[in-house]
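As structure tokens, here come the structures.
Same chain, two partners: chain A is paired with chain B first, then with chain C.
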Partner chain A sequence: MGYPHPIHPKETPVLSTHFGDPDARSHAGWVARGGYVALQQALGMTPEAIVDEVKASGLRGRGGAGFPTGMKWSFMPKDDGREHYLCCNADESEPGTFKDREILRWTPHALIEGCAIGCLAIRAETCVIFIRGEYTEPYRILQAAVDEAYAAGTIGANAMGSGKRIEMIVHRGAGAYICGEETALMNAIEGKRGNPRIKPPFPAVAGLFGLPTTINNVETLAAVPAILTRGAAWYAGLSLSSPKSTGTKLISVCGHVQRPGTYEITMGLPMQELIFDLCGGMRPGRTLKAVIPGGSSVPIMTPEEVADCATDYEGIAAKGSLLGSGGMIVMDDTTDMVYQIMRLARFYAHESCAQCTNCREGTAWTTKILERILRGEGKASDLDLLLDLADNMTGKTICVLSDSCATPVVSGIAKFRDEFDAYLSGARAPMTVGV
Partner chain B sequence: MSTDMVTLTIDGITLSVPKGTSVIEAAKQAGIVVPHYCYHPSLPAPAVCRMCLVEIEKLPKLVPSCVTPVAEGQVVHVHSPAAKKAREGVLEFLLINHPLDCPICDQAGECELQDFVFQEGRAGTRYGDEAKRWNPVEDFGPDILYVTNRCILCTRCVRFMDHVADDPVLNVSERGDRAYIGIDPGHRVDHPWAGNIVDLCPVGSLVSKDFLHKARAWDLDKNASICTGCTQGCNIMIDTRDENVVRLRPRPNLEVNRHFICDVGRADYRWMNRGDRVEAPLIGEGDRLHAQDWDVAVERTVAALAAAAGDAVVLIGGRASSETIGWTLQALEGRTVTAAMKVPMGEEAPLAGVPNLALRRERAANLHGALLLGADAPWEAALTVASRAAVVVVLDADLDDAEVEALRGAGIVLHLTTVADPRLPALRAVLPITSVAEEQGVFVNRDGRAQRYLPAKTPPGMARPGWWVASRLWAAGAPDRVAPDTATEALQRLPAFSGLSHRDLGFVGRIVAPVGEAAR
Partner chain C sequence: MSTSSHAEPYVPVFVGDTKARLEALATKYPTRQALLLPALWMVQEARGWVSPEGITEVAEQLELTPAYVRGVVSFYTMYHTHPVGRYFIQVCTTSPCNICGAEDVVRALLTHTGCGELGATSPDGKFTVAEAECLGACAFATPVLINDDFIESVTPESVPALLARYT
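Right, the complex of A and B next:
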């Protein structure tokens, strides 16, 4: 396909096979491309059989945490007589992450099919897809696809004539990053302020409207149909490094590469190849300075760490960072790391839900300190203060937004301390910090 | 050991508590207060302030003790280095945007932020010269101001309005460090129980307009009492400054009012400071009243009573203690006595989230004490009898003009009262008695619960408790009678209270009449 980019030989198109193909968006087009075969198959399977198949595939959550999907599904109670819900997290708002957007834009029926299978696996009759409010075009496309799937009888009171009910509701967010946190998302669907909930209870016990709920990321659910049609063994075999990381992963690469975009790789592809082959490497005359591999919340990596890093859960963890959502931010030698870290901190300060003291006050204070360092008004003690605040913001709150703000600060100071020192000593000229 | 109990260790103290208890409550039982802001025992726990973090062995992270249930064999460290550092960090975060205007803040001296910072906070600031968050003061309701800058976003007020008052007009508005407590446009915090959010606020963010800049907390004397506003019998504290009552606040009693009182009760204290009190016994001679000492007053009053043979009527005000009512009836023994309490009626105002808690329609504190003691005549019937009775005793009751008129036909009128009433006819004695704020006594609430209250200020002049006055009239009537010396003796000698002392009642009270029996 010509758009967004031609598929690179080192890509493994599974989810992205039909990216750029507008005809794949329609129900008929999706069926013509082999769509809804997996759902038909799933309708004939027991929930246990679906869960076992997904367990065997090794599929792990693509939203960031990497929790095994089949195991998550197996936590749902059986024969409890209560209604179950599936939530699909399409609130993709992590800075640098735009891989779910491509699924929503190009292959909405892949998601609908995955959601429907997910419903069958967890004995739910209702799936709520919570889509980021700013995703206006993806929302229109997804909603049209859901309407079509209903009209075709693929989902609804009698899904594909099976007698099983699968309802699907697309719920738009209103612009808060925090609503991508799974329990905040459930509060938002319920019409409440989108604040994360205390866990326990976990969603499988008391989730949406207090009922057993499983929440999965768009990419996770969209991967399920292929696992059913092509087999768990095939999916589990898609692994270039650690056997614990299987299948394909959409990586959205942004920043100072020649060809930013969303790439689908087999788990374990060397990060070096991803950046320098698939994305075309740095701009002419520029060198790699830093990579944030998994959305803005994970530790920053240096070129040395990137050099021999396998792009999968274990490979990146071995380098002290995380695969996260697969939103990769690549920065070259023109980047002012202090400024970039301030921008990240400012994002978290803006998006903190304000529940927990550490996050509400810590993210804003961290931002103020970084701003004053950039203005040339920093003090020698500021770096130690930032690190101590980061410690007070890590592992102490209801959700991990606070930790996410602290992470780039800690790794930034550890790996790029000279840039901070340059501002503190006056060696680097102060900058005007805009709003 | 019952399986319903869990044994755990908190800072080296091993104790057993019921299953399901939170660690923070278990710690309280071990004598350890884990610092906290958002947690309140009468509200759902959101675990947002992150102040009550404690270390529990074998758990990877610190946990909020307010939402962590106890578990068998749990080993909790409230004061481990990690837990203390975490709380010190939270206190620092809370302070960076707090105005530190303690010198002009009403909460100073009873502020949980002050207390815990003093206890566990940093000595100095690391915030430097950065500007603090600033927002204007908001007028939330008839008696509530929101001083936004002092707010620590604990959300107790929001949760009270949502879950307890069932009037969800407050919310958290905005995000991040711009967040503040918002109020629904077009609404006021004017729920009849809204004043509780001022008490619930751990800092000086929600303040009472009535109490604003009135007194410093450390100058107040605080005494346990019972609200006189209605038959609910909410437990309160009377706070005084130099013999002036400056505010009433709820006193926890989980059986009666949990941690709350209504705004009607809260505002009902100015009568306690009245300056126009009767300060000496006044005895009728001819058509004049003359001040006398108590010995003469008792002697003359008893003589007047002896001369007025026939039926008696006792008209009782709603704040009369059980001791006073009982001994007044005792003083009239041998006569046919009709006794009734005047009960003003009002609107009922329940607190939705607490069962059996409401501002009751019957606005008389001791109605059920009166009924228990036999003062159970209908008010109108008692007035009718009074118009031809030989003796009428008006016991600190506020009578309207028609009621005063009904006493025209009475033989003699005795007035045991806090405030004189020149309209009363046939007055032979005005005997000054103490008010609820000045005496120890017992009220019986609508559930038959006897509850004691303590004196909060000095009575004026020669005023004595009503039971003291009445029992001396009784004792003077026959040579073998000995009047009680103390309030508790006065109570114990009333058969309706089965020998209970004030001490027996404690601070939660005791059911003395089966529930329902005392109800009219």
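Right, the complex of A and C next:
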């Protein structure tokens, strides 16, 4: 459902069916809604059979990169005699993204069930759920649900009486966007600064505590139980445009729409329908100016690009942007693009872990140059300088946070150049930057 | 939450129940170092901030050096390394909230708390206001975190009534 709004006829509620229903939060409430049937089923399956089913469903990672989940699971070693780990990424800090939060606080047992099945698939006995520190309410709800699942014997030393061990730990972050990057996340759990690690080695070889590890997003894991109970073919059949994008996707829509919220769509729903039907379109008298469709790290789209775009991995890529996390930021004609691009650059400058020179210096200077343009102190050469910096921030660092800062700058200058020029020429009055 | 100052003698956090909680957690992780973030949270819950003495105590409990612990503390924005107001207020001003008027909410909070400026504590010691990056609730602009209370859809107009709940 388009939480906090009622289900829209063009939605396909699977994960979101029980959003807003506090009774679904308890173990008993979840079981009454068909919960833990999939886990029971998975406990009787081989790891290979679970992986094959998820592969056949076409499920791709919902954390941003869209990597096929079954394939990721198949990279884990077999019969290596070592302990394996599953990490669930509940760091959700990408601006515009707030879909995992609704899973965490309305259907925590859907996530616990997905995590437990994920453990079985990759031969792990422990799942560590890493949740951002600011998610105080979701943390309380999730921890209570984990405690209940232990008390009911659903997880623990003898999960559902199967003789199999499934341990679950909820680990709180403490404020750092970069901890959502998978290797930084593992460092944070290990009690270190959240600096991303150089890859290789990849987590499936040497991950958490140096042991084989798989990292999956909250929405990815929460999608797994329904795939087992309803079948891979059902999930793979949920697709309106590209067979490479299957299933449902939670899209968290924010900004200048009438009904911001978390919507669940079948992959491929036209973006125009999502924004104008499901979300109710723009506020009265306003027109659409720009959409950032997949969290703040993806290229900005124009209304023309939105007009005939399918909301799935391939459809958005065809328009030069990315589905990313599914965090959609909608901006109307009141938006000062230069100001908001500066604000995004400031986000990345604040969140850079600072271990790569190009990222540390590039994010800071990008922000400073954008601020001086806004203050009316920009130079004619500043746009070229920004693009040059962006080039030096792309593809040259340990992780892609640096690239993510360059993205809105490059797409912003390409698509809204007149707004930058207006500040540079003095046609637009200088701004005060910040509070 | 309470704040303490360097002048008061340091009272250890990891005694009684808190020590028991730490040791219960220790059974779940393969290393003691992995308890670092949880242990720092326990110190901040108990004292309102993570003081140098708190860092030393955590280091002793986890068999780490204080310098190492300091390095980790400084990485994460939610640990306070100096005393803050009894109610620590974080307001999201990242773009999705920014375009919905988040900076006006910050201004209203600064005015009505008496803090005046970001990062400063109000003269009565009650409030400190800080800007935060995306709090993960962008449909509910503007979200505000007051200690552990997450409040959605705050507007400049709703600020006085909100603050009145914190005495």
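As a convention for this text, the second predicted complex is superposed on the first by the 431 of 435 C-alpha atoms of A that agree within 3 Å, B and C clash if a C-alpha of one lies under 4 Å from a C-alpha of the other, contacts with A are read in each partner's own complex, and residues count from 1 in each chain.
Assume contacts are C-beta pairs under 8 Å (C-beta built on N, C-alpha and C of every residue); 3 or more make two chains touch, one makes a residue touch a chain.
Everything quoted here is computed from the prediction, not taken from an experiment.
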| field | Touching partner for A:Glu137 - first (chain B), second (chain C), both, neither | value | second
| query | After superposition on the shared chain, which partner residues are touched by A:Arg193: those of chain B (first), chain C (second), both, or neither? | reply | both
| After superposition on the shared chain, which partner residues are touched by A:Lys396: those of chain B (first), chain C (second), both, or neither? | first
| query | Is A:Glu314 contacted by the first partner chain B, the second partner chain C, both or neither? | reply | neither
| task | For A:Arg172, select first, second, both or neither according to whether it touches chain B, chain C, the two together, or no partner. | result | second
| message | Just checking: does A:Asp277 make contact with chain B only, chain C only, both, or neither of them? Give me first, second, both or neither. | response | neither
| message | For A:Phe347 in the superposed arrangement: first (chain B), second (chain C), both or neither? | response | second
| task | Compare chain B and chain C by how many residues of chain A each one touches, and report the one with more. | result | C
| Where does A:Gly362 make contact in the superposed view: on chain B (first), on chain C (second), on both, or on neither? | first
| Which chain A residues are contacted by chain C in one complex and by chain B in the other? | 176, 193, 350-351, 353
| message | For the complex, give me every residue of chain B touching chain A. | response | 46-51, 53, 61-62, 64, 67, 85-86, 89-90, 92-94, 96-97, 126-128, 130, 152-153, 171-172, 174-179
| request: Using the touch rule from the top, collect the residues of chain A that touch chain C in their complex. | output: 4, 92-98, 100-101, 132-137, 167, 169, 171-177, 188-194, 209, 252-256, 260-262, 296, 327, 329, 331, 334-335, 339-340, 343-344, 347, 350-351, 353, 434-435
| field | Partner chain A, residues of chain C touching it in the complex | value | 28-31, 33-38, 40-41, 62, 64, 71-72, 75-79, 90, 93-96, 98-100, 103, 106-107, 110, 118, 131-141, 145, 148-150
| request: Note which residues of chain A are touching chain B in the complex, please. | output: 176, 178, 193, 198, 349-358, 360-365, 368, 372, 379, 381, 385, 388-389, 391-392, 395-398
